[in-house]
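What follows is a group of structures, each given as structure tokens.
You will see two complexes here that share chain A, one where it goes with chain B and one where it goes with chain C.
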Partner chain A sequence: MERAESSSIKPPVTSLGVLGWLRANLFSSWINSLLTILTLILIYFFGRVLVIWSVREANWSAVTNNLGVLTWGRYPNTEVWRLGVSLILIVLMGVLTWVQWSRQENQRSRPVLLAGWLMMPFVLTILIRGITMPTFRTIINNIGYYIVHPDVLIALDQTWRANAALTLTGLLAGASWMIFQKRRSRILTNVGALVVLALMVPLSTLSQPWIFGLRTPMAIPMLLTFGLCLLIGRAVGRSFTNMVGRAHVLGAIWMISLPIVVIVLTTFEVGNEAVDPVEALMIVPPNIWSGILLTLSLSVVSIAASFPIGVLLALGRRSSLPVVKGFSILFIELVRGVPLISILFMAQVMLPLFLPLGVNIDRVLRAMAGMILFTAAYLAEIVRGGLQAVRNEQVEAARALGLNEFLVTSLVVLPQALRAVIPPIMGQFVSIFKDTSLVAIVGLLDVLAVGQSVIKAREYLGAVREIYLFAGLFYFVFSYAMSQASRRLEARLGVVESE
Partner chain B sequence: MTLNTPKTALLQPSRRSFWRDTRFLQALAQIIFVILVLIAGRWLVGNLLTSLDERGLDLNFSFFQRTAGFGIGEGLPFERTDTYWRAYVVGFVNSIRVIVFGLVLATVLGILTGIALLSSNWLLRNLVSAYVEVMRNTPLLVQLFFIYFGIILKLPSLQDRLTFGPFSLSNRGFYLPRAVPQEGSTLWLALTVAALVGGIILYRVLLRRRILTGVETWPGLKASLLIFGVPLLSWFLLSGSPYSIEYPELVGLRIEGGARLTPEFTGILFGLVIYTAAFIADIVRAGILAVPKGQLEAAKASGMTQAQVLRLVILPQAMRVIIPPLTNQYLNLAKNSSLAVGVGFPDLYNISSTIFNQSGQAVQVLSLMMVTYLLMSLSISAVMNALNARLKILER
Partner chain C sequence: MSESIIVCKEVHKWFGNFHALKGVGMEVKKGEVVVIFGPSGSGKSTFIRTINRLEEHQRGTIIVDGIELTHDIRNIAAIRSEIGMVFQQFNLFPHLTVMQNITLAPIWVHKWPKDKAEEIAMQLLERVGIPEQAHKYPGQLSGGQQQRVAIARALAMQPKIMLFDEPTSALDPEMIKEVLDVMAELAKSGMTMLVVTHEMGFARAVADRMFFFDQGQIVESGSPEDIFKKPKEERTKLFLSQILSH
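Moving on to the complex of A and B:
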């Protein structure tokens, strides 16, 4: 087509440079120009208020003078170095993992890192909470005391020690019977189990009310516990007969567990005569954890501890057993239908009622229990999504290879399901991290509550905005970093198709 | 855990002993599970009964008839001498008030914000996405504390209140004019409702005729004439106007007339709305983006106007993606309304915990409160599921 009057056409508007960018992004039509001007007015108005306030009126010393209090609250000042060491440990592990991740070919360090992460909860608990170690003298003393006066455990209401020792021994003995191929190792493990059983003989002759109030010799429940654990251990051991290197792992566990059994059995306190526990690291009980320390430990504990429960609930919800399925659905839907604050309130107020008289749980641990139950229900739904994403052929192929149900689930279904739900789990972590702020309402001293008590001090009276802005900034930095990390992870895993 | 265990038993029915039969094993596993749950339950209940005995409490709900002895700041009329049960009802109604207003306002703000997130205007888009990020990455409780203690309670006093025409804002709350019904308001209201219903029916009838015959019947125009015309006409034709506007006015040290939103209500409502709206915005944005671009281009190519494209093509398809996550946000809003306790608003949770503090009856109060919240959640999801089902039927 030809245009006769080409001279009447205006030259095209520039699309280059600052002007072009402005035109395209801010003033492309009259409505856009209007929006731009309105937004500018809004920004000017609020920005001016904010700048004037933060420069002229704000009393930032309320935050800067109290950074320590806000971070670790009532944690003893002489022990704060332990928090520093924990932080360094976490960062170190994080960096190592990141390095390992970015170098795909280097797979050797993987088991080491995994073991490191698995050890972290124990290491951090010991570091932050502190630990008392019985001295060698105490152990010998207590073993002697226990053998001569076995009823001391009953009198002190500490019979759980015997059961804990039996459970551990039973599980290990059962598993090693199935896993160890060599006769020598089998005999060795059984000697270990026999030593523990022999230790139990004095206690087992006494009688004690058992479930349903029946008075029975302790031997019956103890044997039941041991037998049940032996069976479970055998089942688990049989499932793992094909795994490489299991004998080393099991051997290591045996080596560590025998001293643990002895310690578990003998760290009871009898009056003053047999006790001389040495505080290797000063005990800082959880109920004085506060500030950012409390916020972080609550969120890490609740996500880590709720993970196995959540996975079990998700599997339960998809189970073919109607009773298990119904129970899981009931639990999940009940918890998801009520506000977190009511669960926290229940954990503070009702949990003590449901425990035997005289058993008192630290209120921080009670809050953790509430958070764990709450998170488990939400995680269960996320994991269920992942389970649904695993295609049925995978299950069928695994069965065709002769794997039993436990192995099909743990080696084929779960790894794929969990991999698919890493991003939503990260999202859940962010949300749990934010939700920990609710413990301030039930009287725990998290960063928000510590901030509130700072405001009540006379010299900072009225520094409300400063303190809450600081708390908000703290939450924002962590949550934003986590959401960004989760987005990267998502892209890396390639789970989600791009928009 | 078993995942659809195949009935391998069918292959060798004769040789399989019963303890290797999956059906038997499944039944056994369930029986063991039930026994374990029962043992745990018996242990817990036993402990509960002993602890209640120790504290001199029981599991009886009759204490709800006792005198409460505390005052409630707002909501239904309540006296110190009223019963705990009455207090509970007041708290419930207050919660419902927050939730209903919150749902409506959060939806409106969320949709607007979600559209703004997709705006071609760089400044607006980035401002709005900054707002969304800040809201999503900080806890609601911190926001509520900031809004209530940091802003509302720091507003000027009644004497120096900020006024915007008939509205005024101070640390005593938000004052706004109120419509006071006069003589004849019932008749006017009835006429208005009738016109509204008639208008909707007329719109449907005319629209149907246009679709069937292809003749332009102006359904929108005629229906809105009816809906707006009748109330307007009757407002002037009836003797005296049916409503008079009452403005809040400063009398001495307090404000009289008009409607007042307490600082607590304003705080919780504002906090909930701006928090939830940020989440809804993201959902709306994702929903609109989920509509394939071809749909938009096809609609434009067939000559629809911008408004028609949005109303007839984009929204119906986007809604299907939006509704399920939106339901989640509505449920979150209802559950988050319990954070009203942080700003001292007497909602269900707040009143329940006061009742517990006064009476010590933890089990009854907590279980009643949880059941109430559960019912609220269930009703919200029932409504939203019905809506979802309706939209699905319209699919084809």
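Moving on to the complex of A and C:
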């Protein structure tokens, strides 16, 4: 009864044909006609000059001969295939996501896709940066060495390895204890946690200064780390108890994580003898990334990492906890009060101050950190606007259903808030994409900087226009694609808002 | 039918300096349908919102199904999942389909598998008479349909108590009946209901007891029979004559 019945009366025809469209849109009044003609003349004039120049005079070899340099810069030629594979992976994931999105009824592939996207950062990092894997022999050697001489980690100043192992295990164990309440399904978790904890025993008896120079057995800070992560894991796990029956998922996570923990713990280098690492993929340090590769990795990393941070800051700013709120406000206002260029400089010179001695992160990573913090602060303000647009009645309705505050925020408030601010968020992304060109100032070679160095080569001395046109076109294509994506997203999610 | 599922004693609530509830006491038995009415600003909404703790009371005790409402967050969660609430403005989640609106809480709070939640949601949509709207968004429905979805959403948590805060006052006249019909059916099925409403026809037909609120207090209570035929208080008489004259 509420469905539309097919009726015999058709809606009036509204399409006009080409001439009709022209008349309705371009020549509807004398002033409109005048403007149309003037614009056409202008387009013709500029277009003609551009076309004649690019066909007759331009020396495109400056671009075509240097396409490689402009694209991957100093990335070793033998390894460029890895960039190709990365590109294919990204496009593949994009297409799969697109397909799944346009077919709404098929929701089953969703978790798989999500997991795929979550793994992308790691996969891409390994692919593009490369990876060194210890051989099996090294691992066995080092485990042995570590058990006999646990102080090796302290001597090498690498106790972070133990903490990393504990953090990962704690989170995993906490979550899976929450998700799997039955004793039988907990076996894997218990065994996994016990293995890691057993590995910690030798180290835990040693003493080392940790907080305020306090010197205690390592057991205390280690237990604190483990306990804290256990609690966090439990809190997260509690929200996912409806994963019950997905034992295989968690099983798989454990199977992958356990070896990682062991590898993390034991890939320290002891002199020359015990190390026998195999460079599975040749390491190409970010420091030498340049050209389009640098521009794109800077933008992708800052966009992907700043988004969650920005959302957290926005939530933090509205938090009722004064410390969280104060920190968020301070951070947002500080960062927004400083131009990006100074943040980039500060990231280069200040960041090492905050890192433990001996940890030396490379210049590209420092630039990334700077851009992430910068973008996060602006996103936080945008998202805050979105949060304010969500009516309090929505929160009340969600609470009345028995959702806890975490679920209220993540299932009801955030989705609505973010939808409301897709255009400004995308605008911010486009803007940070273009702003990556500023890294040239701190000596990094983004696509523009590479272009400038090409121009300085003797054979391409005159090709200034061609190079800049190429760079301009590159920026335009990506910016345009992003704003198109934004409009699609909006149109797709916007159906909903017509309340 | 004898034990009280809601016990409120001497409930006080202030908004800043404004004394919104001045010692409200009420006991509701299992399966009872209680209608609350009274002039605007008399504290009706505030009172029923204290029962699922959307508002905190500052003095007095509220005991729901044997659990006293205190600051303990666990209690609040437990209480809220036993109480369904339907609002004047529907408050459906606009970014979710009707189906997702209904299954959200069962999936995330009761941890039901999605299939089970959707099956039950479908049954509820049939019960409120709009199974064919399951995959639309709230914005695509009429007010009456939205309010029926809101009722289904609350029922999906299988609550023991349902609170209604003027569920029909935002509706066009022709849609009021479809919502009241659903509520009457729900009452007949034995649900404990607290309904703030000025639909006196509904009250007369469905309510077991009625409470007249004014200025943060219960002025008078009794069966619909008593309230309509022989109200004791002058204020009740006056108010009834005002709203019944429409």
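Here is the rule we use: the second predicted complex is superposed on the first by the 420 of 499 C-alpha atoms of A that agree within 3 Å, B and C clash if a C-alpha of one lies under 4 Å from a C-alpha of the other, contacts with A are read in each partner's own complex, and residues count from 1 in each chain.
In this text, a residue touches a chain if its C-beta (ideal position, glycine included) is under 8 Å from a C-beta of that chain, and two chains touch if they have at least 3 such contacts.
Owing to the predicted nature of the structure, the values given are computational and were not obtained by experimental measurement.
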Touched partner set for A:Ala400, first chain B, second chain C, both or neither: second
Partner chain in contact with A:Leu321 - chain B first, chain C second, else both or neither: first
Partner chain(s) touched by A:Leu438 [first = chain B, second = chain C, both, neither]: first
Chain B versus chain C as contact partner of A:Ser102, first or second or both or neither: neither
Per-residue touch tally on chain A - higher for chain B or for chain C: B
Contacts of A:Leu411 with chain B and chain C, given as first, second, both or neither: second
Chain B versus chain C as contact partner of A:Gly337, first or second or both or neither: first
Touching partner for A:Thr78 - first (chain B), second (chain C), both, neither: neither
Contact residues common to both interfaces of chain A (with chain B and with chain C): 399, 499
Residues of chain B defined as touching chain A within the complex: 1-6, 26, 29-30, 33-34, 37, 39, 42-44, 47-48, 50-52, 54, 119-124, 127, 133-134, 136-143, 145-146, 149-151, 153-154, 289, 335-339, 341-342, 349, 353, 356, 362-363, 366, 369-370, 373-374, 377-378
In the complex with chain A, residue positions of chain C that touch it: 52, 54, 77, 80-81, 83-85, 87, 89, 91-95, 104-105, 107-109, 111-114, 130, 132-133, 137-140, 145, 153-154, 157
Touching residues on chain A, where the partner in the complex is chain C: 2-3, 239, 241-242, 244-245, 393-394, 396-404, 407, 411-412, 415-416, 419, 493, 495-499
Residues on chain A engaged by chain B in the complex (per definition of touch): 25-26, 28, 32, 35-36, 39-40, 42-43, 211-212, 312, 315-316, 318-324, 327, 334, 336-342, 345-346, 349-350, 352-357, 395, 399, 405-406, 408-409, 413, 430, 434-435, 437-438, 440-441, 448, 452, 464-465, 468-469, 471-472, 475-476, 479-480, 483, 499
